[in-house]
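Quick heads-up: structures coming right below.
Both complexes below contain chain A, partnered by chain B and then by chain C.
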Partner chain A sequence: MRDELAAAYGGRSSVDVALPTNGVGEPDLLSDLAPAPEELAPRRAKFGVFFWICIGWLGILAFFAIFANLLPFQDPNNFDFTIGRDASISWHHLLGTDQDGRDVLSRLVYGARTSLIIGIFGTAIAMGVGGTLGMLSAYVRGRFDGALSFFMYCGLAFPGIIAVIAILDFWGRTEWHIILVLGLASVPLIFRLVRAATLATATKEYITAAKSQGATSFRVLFHDVFPNVAPALLAYTIFTLGGIIAVEGAIAFLGLSVTGPSWGNMISDAGGDVSVRMAFILAPAIALFLTLISLNYVGERIRVRYDPGEVKL
Partner chain B sequence: MTEAPAIEDRMLLEVTDLRTVFSTPRGPLFAVDGVSLSLHQGETLGVVGESGSGKTVLSRSIMGLLPGRNTTLEGSVRFDGQELVGASEATLRSMWGPRIAMVFQDPMTSLNPVHKVGRQIAETLRLHLKLSKKVANKSAITLLTQVGIPSPELRAKAYPVQLSGGMRQRVMIAIALACGPELLLADEPTTGLDVTIQAQILDLLAEMQRMRRMAMIFVTHDLGIVATRTDRIIVMYAGKVVETAPTRRLFANVRMPYTEALLHSTPRMADPSHTRLQAIEGRPPDLVHRPSGCSFSPRCPYAMDRCREESPPLVADPGEPDHLYACWYPRGVSKVSLPAREPSVA
Partner chain C sequence: MARYLLKRLAALVGIIWIISVFCFLLIHLLPGDPSRSILGFSWTPASGRLWDKQHGFTGPLVSQYWYWLRHVAVGNLGMSSSGQTVGSIIGSGFKIDLELVLYSQILSFLFAIPLAVYAARRPGGKMDATATTTTFAFYCLPAFILVVWLVQLLCVSNHIFPGPSTSAFPTGGSFVGNVLTNLHVMFLPSFILAIGTTAVYYRLLRGEMAQTLQEEFITVARSKGLSNNRILWRHALRPSSITLLTSTGNNVALLLTGLFIVELKFDLPGVGWELVQGVPAKDYLLVQGIALVTAVVVVIVNFAIDIITTFVDPRIARA
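Our next item is the complex of A and B:
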């Protein structure tokens, strides 16, 4: 019986046929039973309450930013003649009006929209370009890696904010220019990070094993390497988002960002007269502060939880 | 079964004068240096040697699975009549899996931690055999059953972290066997496992090999493991074959002092209690600056002047053409023919 089976399955067609003679029935094969999967689920750091508070704040922010024009906010650019400039808090203007008589709350909400759009698209560019190049560079190695790394290190050495100011001054300050410039300015950092993570992964035995099973380089890269790099990447995506929002605030304060409502613009507009206009300096500043601290905290918790370096494999 | 002997005789793998050289900052490193071997269908070859003897590099060289950079591969590897050295990446890839497969040393690191094990098996099937997702998943469960994993449907959904070392190695074997390879390269498949699990994995490999009439190259540092499970043994030292013979013959008539030293450095149940284990003095040679003469001569208790000056060729034992060794003063050959053999140590 066994010999016939051997003849039948001896060739290369042994895949889709069950072999009844072997396996489960043999007690000596069963002694290395591991506990059921659920008992051995990897222990991971908990996110904690503060994490969810941060997520909550970011959720509220995103909600208002997305639905700003559907909600009953006033036009953020219109002078309210009934109240006038520098009005204090009232029922009609929950956070008052600024020096140009515009509703502060409304500007805050539309400013969030600006910050998030620039942050998210800028991060997408940084991740797309930096991540792809970083993975390729680490996987291909050789001269390609050397040249690209050199180029990126030059980019890292360049004083970013000065480059951003120069380019935006030259190009004009549309939203898309700002997104492109801030995104590309973050590329070298992401490149370096992804390259390091890929290098660490690409030398693992399971990558060699995947190759030995006949997988193409492309497949190995995206099916085997990428999922192992992605958790670390997720955390740094969030850090980058925070970074770009912060830089946008900074260049807006310098008067180099978009002309519409933006947190940086609001702080800048309120300008030198802190004593009179405390509220509308504080409002965008607090919003920016809460957003950045939330992003950084969320990113850090995710890094701790999913970074393979901290999880026992 | 009537034509089985004819199938047995088919030559599957012929390696001739294989050389693998890594270029290092210190100079060329000769990891595999002129190894020749052959393997028939269904046969098992044991490759034995200590760490750094080139046995792992040999198995990866045969497969063609070496980093392209800084590596030169010379000689010939003919698999079923097809030359693999210098073959295109695409050709090799099409053979890896369906024709040649490898089981790796450490099951803790050779499975991808982010994919479920069932999926890892199914992916190989889908890639080479172009099975649909559904059929591949079913086959993956069948394979898990074959390699002795209980409740395979449940395990297929587990991640590698959730399985024990022995189970992972079984999964690894299932992946290697998935596409029905004709040659399985097992690179120290039991080194990372407990002794009891080792025996189970070895039995499993033997069973799978027998049922599939698969040829196997079993790389290990443990002579005890290959003693009962191989047809032929190759003993490697410093990238070279120093002795090769059919397994029984080798254990009956050890010729090369290195093989003898390896044997003596293995603990045996039959030894009386407190028998001192004889470790091999010294360390394997630097493969960049290799010693002149026989590469084992600096550690060999029987080494003579000739050993340190001339490198011994791989020659056949008189009257035993199957038993080859590279030694000027082989053990157990009568003193009449080789007068200057007697060692200086007692």
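Our next item is the complex of A and C:
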């Protein structure tokens, strides 16, 4: 059976078929042409243990960020007069206090809340605007696509960080302004990625088949195109979340983000005095590092699983 | 080829025009009054109106844009509130940015290319796994965390490199010193910038190399008995490097965030440093000028890289 299939597909002998992969760890085109009948469905890459560890960390982070004010944490802005500033680790302050005598653990948890709120809502704006336009643009094509792509290319060349710094300072640095500005600054990149992913799907035969059967544009877009682009969209959403959280950290470090507790603020507040405030700088740095590694890894695994043609990280 | 280049050139002009509109609107969308911030204490309603009139801030938006564009086209970006022209501030800061970008990209290529070439030799092997994991971890470390730790480790605890706020980094002045001192002083800021892009370049080149090594001409080279190193460096690297070249252009725009952080923390008076000083001072024209110049430079760099790729691989022009 295998040999017959192989012969039918390209006349290759069973010797060639016996090589399951091309050595890059990706399915070889030639052996893919001659699958055993029970293997006709493409085998998907497993997520692996580290993926679930990352999901676990993100879950813990989300839990503390959501329930921060219900859990027995201290007020993150409260100066503890009994202990004072730069206190070391104790039962009362599990990670010590910072240079203003505030509890580091509680600032860390409330900082997670800031990061996640800005990250999630910023990503929602970026995906809502960039993702929708990207899908439409790739589906509609023609002049609409040309004009929009050109405009987005200009947006991509425009240094987003300058606009972010300038607009936030002149406009006031409230949480919602930061969300809006960081979200909109990510639109051109999302647009380009989603457009490319949709274009790859929208030019497939089954889309032509659906169209020729008289399916409405709405139906083709949501019934045929969207489900096939969805995994890529999910991966980009997760990458964008990581990207916005990192940029928020950077502008907080430059002293341009919210005035409340934020990981970037915590690192910048310490004034670079690493030796004295070890735990105080280490805690937000590690939290941010773990969060970014988790988001990037989870996004990468999802992308690889549903799009094995591309190169793995 | 000529037709392709002309088409690209027309697109370049269009893009720069749209960017100029963005930059012009940046000032007009921002709340506040430029004349008030630039005149400072000498601002009165009358002197403000006079300033507006002298600097083309009166009349309909289109004529204001036209006035601004005519001045920008001859290199006049206006006066900063510090009394210097915006052009001279950007001119002196730009040298530092240029050095940081070039230095960091050279370092980045020095790390990424050998890693990727040897990792791609045995995909899934030990070398590949180690390099891939390490670069991924560094990719997830934002520049502002690296700045804090590397400065502590290499400047404060061990005096290997001069740290921020030492005489090696003259705040606000021009950056001088002979070549070796300069390279030594600028190493750490550039290295911090290089770490982020190394991961991106490694990843791209490794993927491309792994694919190229599956090609038939590599099998031919192997069967000719060429050494492994010769195949990797002479036969596989060049066709694999096109994507790398293209992504370098895109990375220049992404480098800016890291550039600003490094300049601010090391007190290097580059364009990013000037921007972070200018924004709280409500220096509208400086911010506008920096946005315009940076965007135009990014576009031109991308254009230049497009042209270079066309010469490296002429098939692109025909597609």
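By definition in this document, the second predicted complex is superposed on the first by the 265 of 313 C-alpha atoms of A that agree within 3 Å, B and C clash if a C-alpha of one lies under 4 Å from a C-alpha of the other, contacts with A are read in each partner's own complex, and residues count from 1 in each chain.
The definition used in the following text is that contacts are C-beta pairs under 8 Å (C-beta built on N, C-alpha and C of every residue); 3 or more make two chains touch, one makes a residue touch a chain.
The structure displayed is predicted, hence computed values, not measured ones.
Student: Examine A:Val129 and indicate which partner it touches, taking first as chain B and second as chain C; both and neither are also allowed.
Tutor: In the superposition, A:Val129 touches no partner, neither chain B nor chain C.
Student: Please indicate which partner A:Asp224 is in contact with in the superposed arrangement: first for chain B, second for chain C, both, or neither.
Tutor: first
Student: Quick one: classify A:Thr208 as touching chain B (first), chain C (second), both or neither.
Tutor: After superposition on chain A, A:Thr208 lies in contact with chain B alone.
Student: Quick check on the superposed pair: does A:Arg141 touch chain B, chain C, both, or neither? Answer first, second, both or neither.
Tutor: first
Student: Touch check for A:Phe289: first (chain B), second (chain C), both, or neither?
Tutor: second
Student: Touching A:Leu254, do we find chain B (first), chain C (second), both, or neither?
Tutor: Only chain C; A:Leu254 stays clear of chain B.
Student: Should A:Ala200 be classified as contacting the first partner (chain B), the second (chain C), both, or neither?
Tutor: neither
Student: Residue overlap on chain A between the chain B contact set and the chain C contact set?
Tutor: After superposing on chain A, chain A residues 22-24, 312-313 contact both chain B and chain C.
Student: Where on chain A is chain B touching in the complex?
Tutor: It comes out as residues 2-7, 9-19, 22-24, 26, 28-34, 36-37, 40-42, 141-142, 204-206, 208-216, 219, 223-224, 227-228, 308, 312-313.
Student: Write out the stretch or stretches of chain A touching chain C in their complex.
Tutor: 22-25, 150-151, 153-154, 156-163, 165-167, 169-171, 242, 246-247, 249-250, 253-254, 256, 264, 267-268, 270, 272, 274-275, 281, 285, 288-289, 292-293, 296-297, 310-313
Student: Quick one: in the complex, what on chain B touches chain A?
Tutor: Listed in rising order, the residues are 1, 4, 7, 63, 65, 69, 93-99, 101-102, 104-106, 108-115, 123-125, 127-129, 131, 135, 138-139, 142-143, 145-150, 154-155, 157-159, 161-167, 172, 175-182, 194, 196-197, 200, 203-204, 207, 210-214.
Student: Within their complex, state which residues of chain C touch chain A.
Tutor: So the residues of chain C in touch with chain A come to 11, 14-15, 18-19, 22, 26, 30-32, 123-124, 132, 136-137, 139-145, 148-149, 151-152, 156-157, 164, 203, 206-208, 210-211, 214, 250, 253, 256-257, 260-261, 264-265, 275-276, 279-280, 282, 287, 290-291, 294-295, 298-299, 302.
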